[in-house]
Amino acid sequence: MKIHNTRGGRVFDAANYVFLSLVGIITLLPFVYVLAGSFANEAEITRRAFFVWPEQFTLSAYEYIFSTPAFTKALVTTVLVTLVGTLIQLILTVTMAYPLAKKNLRGRKLIMSLVVFAMVFSGGMIPTFLLVKDLGLLNTYWALILPAAINPFSLIIIKNFFQELPDELEESAKMDGATEIGILWRILLPLSKPVLATFALFYAVGIWNDFMSPLLYLSDNNMWTLQMYLRQVTAASDLLGTGNVDPSYIPPEQGIKFAVIVVATLPILIFYPFLQKHFAKGMLIGSVKG
Amino acid sequence: MTAPVVEAKASERVAAKPPAPRRRRGFAVHFAHYKWLYLLLLPGVLYFAVFRYGPMYGVSIAFKDYVPFLGVNGSPWVGVTNFTDFFANPDFPQLLGNTLILAFLNLGIAFPLTIILALLLNEVRLSVLKRTVQTLVYIPHFLSWTIVASLSFLLFALDIGPLFQFVNGLFGTNVDILSDPNWFRPLIVLQEIWKNTGWGTIIFLAALATVDQDQYEAAIIDGAGRFRRVWHITLPGIRSTIIVMLILAIGQMLNTGFEQIYLMTNALNRSVADVFDTYVYFVGITQGAYSYSTAVGLFKSLVGIVLIFGTNWLSKRFNQSGLF
Amino acid sequence: MIRRKHTLAAAVVVSAALALTACGGEAPASDLSSVKIMAPFLEAQPPTADGAVQKKLEELTGKDVNITWTPNASYEDKMNITLASSDIPHVLVVQGKTPGFVKNAEAGAFWDLTDKLKDYPNLKTTFPEVQQNASVNGKVYGVYRGRNPIRAAVMFRQDWLDKLGLKAPETTEDLYKVAKAFTEQDPDGNGQNDTYGITIPKWGGLGTNSPYDLVETWYGAGNRWAERDGKLVPSFETDEFLEANRFIKKMVDEKLINPDFATFDSTKWNEPFFNGKGGIIIDVDSRASVLINLFKQANPNDFQNKVGFVGSLKGPDGELHAHPTDGYSGFLAIPKSSVKTEADLKNVLTFLDKLNSKEAAVLINNGIEGVNFNVVDGLAATIKPETPEGKAVNTDIKSFAQLGTNVTGNNFYPVKQASEYEQKVFDDRVAVMAKDLKSAVYNPAAAFVSPTYVAKGAQLDNIVADARIKYLAGQTDEQGLKDAIKLWNTSGGDKVKEEINKLWQDNKK
């Protein structure tokens, strides 16, 4: 579909492109600084307030963090837990959202109210911990996946999205003898790719950035995920100036901090472009109907 | 010309609704008819029962003097003292005021900006640019508040920070933005916009991807311009997403976040910086008053649930769309 | 990859605990073949469980050691969760007398070790006053982790001092003169008025060893609490407190201190010093070596005359009131729910006794002789170049040192510094600290825990801490500062004073 562009439209386009490019640069620069800093030595980071290219290139920060197998292991663990966890969480959310989208299903309002209630109220850290422990999930990766399996917020949005889909799609499928599960699988899910991609991303990022679950549920540091290391290096130096820190403690060098941030952030950043193709237009309702 | 389309769809849906089954026997029929749907519902319901409602007894901590060693059940009851202490606290009005002002600023500025950015991105037809900018704007979400704070210190550093010079040049002033109480809120909102606007666009972009393309073609044939197309097709197309997101944001509005505000607070701006979340940190973590901070959290949740149900009700009355 | 079994050791502990409960507490003493410890780590990563240091430690103590290393950033959260669960370690590193810890201790979570430690040669402290500081109103709930109490130092640009022909400061008045000269006499010789004296970053509450606290102590305001007319009063109620802050304010007004002291990012504290903007830092002495390292990294051939330092400064009364810390950094506590009987307690204490033996102290602080260090002239010299084994040990000991208690003094070797110059600086530091120790002004109320302070202290102290900064920044006058102190009293401080004085009097009897 080619949209004819007026002169005003072209001016708008040009201004929009310039503006968005600027926004892109503003959001990118700090990360570039972190990246450049991870390859610079402490003296350079102390001397130069902000830079995007180190004068003296050094790999020492990366050598340090990869000097033991711990980091590599955590990286692999985090990627695997994120992939498996995202899949499980997404499946559970979609299967619950689909029936709730049926306006004439009884009990739906009650369940939705309870979901919203659970979104706002929670029992807190300690009872949840005791539950995870009683279920025998301590020191298993299930503890990182199951307690947060269905995000009420995601559930509500996915449910609303299903509700928006035109009913005639289902009606015609039913006439062809499809079951409810068949409709969900063969008709709704392909239509919902942008939404599923979005929530796959949300869930993946949720697991990836989760720090409290591994902290509380995994005592064995062989099982740790990257966030444990990330928080350790970024939070430790924050304590300075609060008097809460052991006076003999010397914080890790800035370069190491930056390198850990890069290692812990880059993989999840790369995840997005892969999902992005599902955000493309044209494959959606309009074209299906036509 | 677009509104009738939406309404037509809605009326179709109402018409498609089967006649309401009756009473108890009716429910058996209903259940048999929808057994597959109920089966699909089961894992989710189980999840909520076990993982969300199972630990809910922990709320009782708010009415106890909780000591971790004694456990939730072993700690003594103290009734509503934690709540009365909180409301009677001389700082309470200030905390409430600061929290509400920040909440409304975030809701009134950061929230619409997310939609505007999503719309601007949606208007880009140069695929490379669109994809690149989309990816870039979501990077800040992954940088911790620590990094955001240290960048702010750098950019607004007294006398030498580039943004210090820019802002003071703009207003012809010479104030230390980092410590001036008047600048605290703009600074917090600015950080929030920088960090999370791009991330927030994702959900609107997904919604925008589902807007019916046929309508645009029809609108173009009618000679509708760029702005009119956005106003009459795009925005109505994502209206329900906007409403849902708004209701959810309103429900969360008292959660201003702890880390960001804590990092930007100092002795000179504390009078405007203290909010519920930082207060909970001080009382709960620094002073070990778990029950007290749970009580504050419970109060926030109560306000949140009232706001959600209230706005949902309002929205349904005026728009017929809401959370549930 | 998802499913994982509990570690064997954990299972042993759990079944041991179950067996104990089954027998109703009258069970025969288990020999606790495995000791479970929870400890924080401060490095970028924790040691590996099968590392050489851990193996050696197990050999030395004759126990299986099972350590749960927990990131320092959220240690208190994990500790509270752990105490609420039934899977509690035998030894818990507690990082300080936080209100949370005090509550748990008073509820009976930990063994009272007050009369027990003296029976163990390596746990019987040679610094009873530090043990008293670490106690809760005289009750000892753990083996404290000893730290050198004297840490306060004034670090300055030696090259600037030399260029201006000045002497290292000895008194607070000298500090003023040096700061003024650094600000006004172009110490870097670039012809521009672009330097200042002292850099002070944004700092938290009272009594956190901030530059303000240090100057106040030097002025004679005491350390957190001071004795006046037979009673303890908070330092900020002394006249010396006001004098000290007038002195700091004079320096702020004359622009001898960075004007953004209320907001300056504490993680960037080294920057102005290194970049030749601000020539003085008042902080713990270990920062001197961090600064020297920066200059060394920038120019390995010319770094020896950049950083000078002295310890505490003499006050206006001509006396030295050195500022010490409380001399400890948390303690190793023994939870009652995992160590149920006196016999088990003996077992754990014997383990801790061995952990503080000379061999173990050397192991966890220096490493393994011949692998990562050699003893040269009584100093531990790191073996260079590092072998992979040596490197692993060097990394691990940084975390294992967290288990060191050193209640009988440091039984390990001081580390040999990288160069002759750095060795000299290190020796100077030791000498300065030894000198200041003789004039240390301790916090007389360190051991006392007032219930009101536990409940409200952090908020109360903020009132005065904020007023102090506002006064220095010129946003309030001296009357405003005095009003804030009055507000501290009326908001609950009166009660804190009462409680602390009572505890103090009771303790004297």
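Each chain gets a letter, A, B and C, in the order it is written, and its residues are counted from 1.
Everything that follows uses one rule, which is that a contact is a pair of C-beta atoms (placed from the backbone, for glycine too) under 8 Å apart; a residue touches a chain by one contact, two chains touch by 3 or more.
Please read all numbers here as calculations on a predicted model, not as lab measurements.
Looking at which of B-C and A-C shares more C-beta pairs in contact, the answer is the pair A-C. At the far end from chain A, in terms of centres built from Cα atoms, lies C. Rounded to whole angstrom, the centroid-to-centroid distance between chain A and chain B, based on C-alpha atoms, equals 16 Å. Note: centroid distance chain B to chain C, computed from Cα atoms, is 40 Å. Centroids built from CA atoms put chain C at 38 Å from chain A. Annotation for chain A: residues 49, 126, 130, 235, 238 touch two or more other chains. The set of chain B residues that touch two or more partner chains comprises 68, 72, 154. Across the assembly, chain C contributes 80-81, 84, 202, 267 as residues in contact with two or more other chains. Residues of chain A touching chain B in their complex: 1, 3-4, 6, 8-9, 12-13, 16-17, 19-21, 23-28, 30-31, 34, 49-50, 92-93, 95-96, 98-100, 102-106, 108-109, 111-124, 126-128, 130-131, 146-147, 149-150, 153, 155-157, 159-161, 164, 166-168, 171, 179-181, 184, 194-195, 197-198, 201-202, 205, 209, 230, 234-235, 238, 261, 265, 268-269, 272-273, 276, 279-282, 284-287, 289-290.
Taken in their complex, chain B has these residues touching chain A: 9, 12-13, 16-18, 20, 27, 30-31, 34, 36-38, 40-41, 43-45, 47-48, 50-59, 61, 68, 72, 117, 120-121, 123-126, 129, 131-144, 146-148, 151, 154, 194, 198, 202-203, 205-206, 209-210, 212-217, 220, 225-226, 240-241, 244, 248, 251, 263, 294, 297-298, 301, 304-305, 308-309, 323-324. Against chain C, the residues of chain B that register as touching in their complex are 67-72, 149-150, 153-154, 157-159, 176, 178-179, 266-268, 270, 282-283, 285-290.
Contact residues on chain A toward chain C in their complex (touch as defined above): 41-43, 46-47, 49, 64-65, 67-71, 77, 80-81, 84, 125-126, 129-130, 133, 138-142, 211-212, 215-216, 219-223, 228-229, 231-233, 235-244, 246-252, 256, 260.
By the touch rule above, chain C contacts chain B in their complex via residues 76, 80-81, 83-84, 98-104, 107-109, 202, 259-260, 262-265, 267-268, 337, 454-459, 462, 465-466, 468-470, 473, 475.
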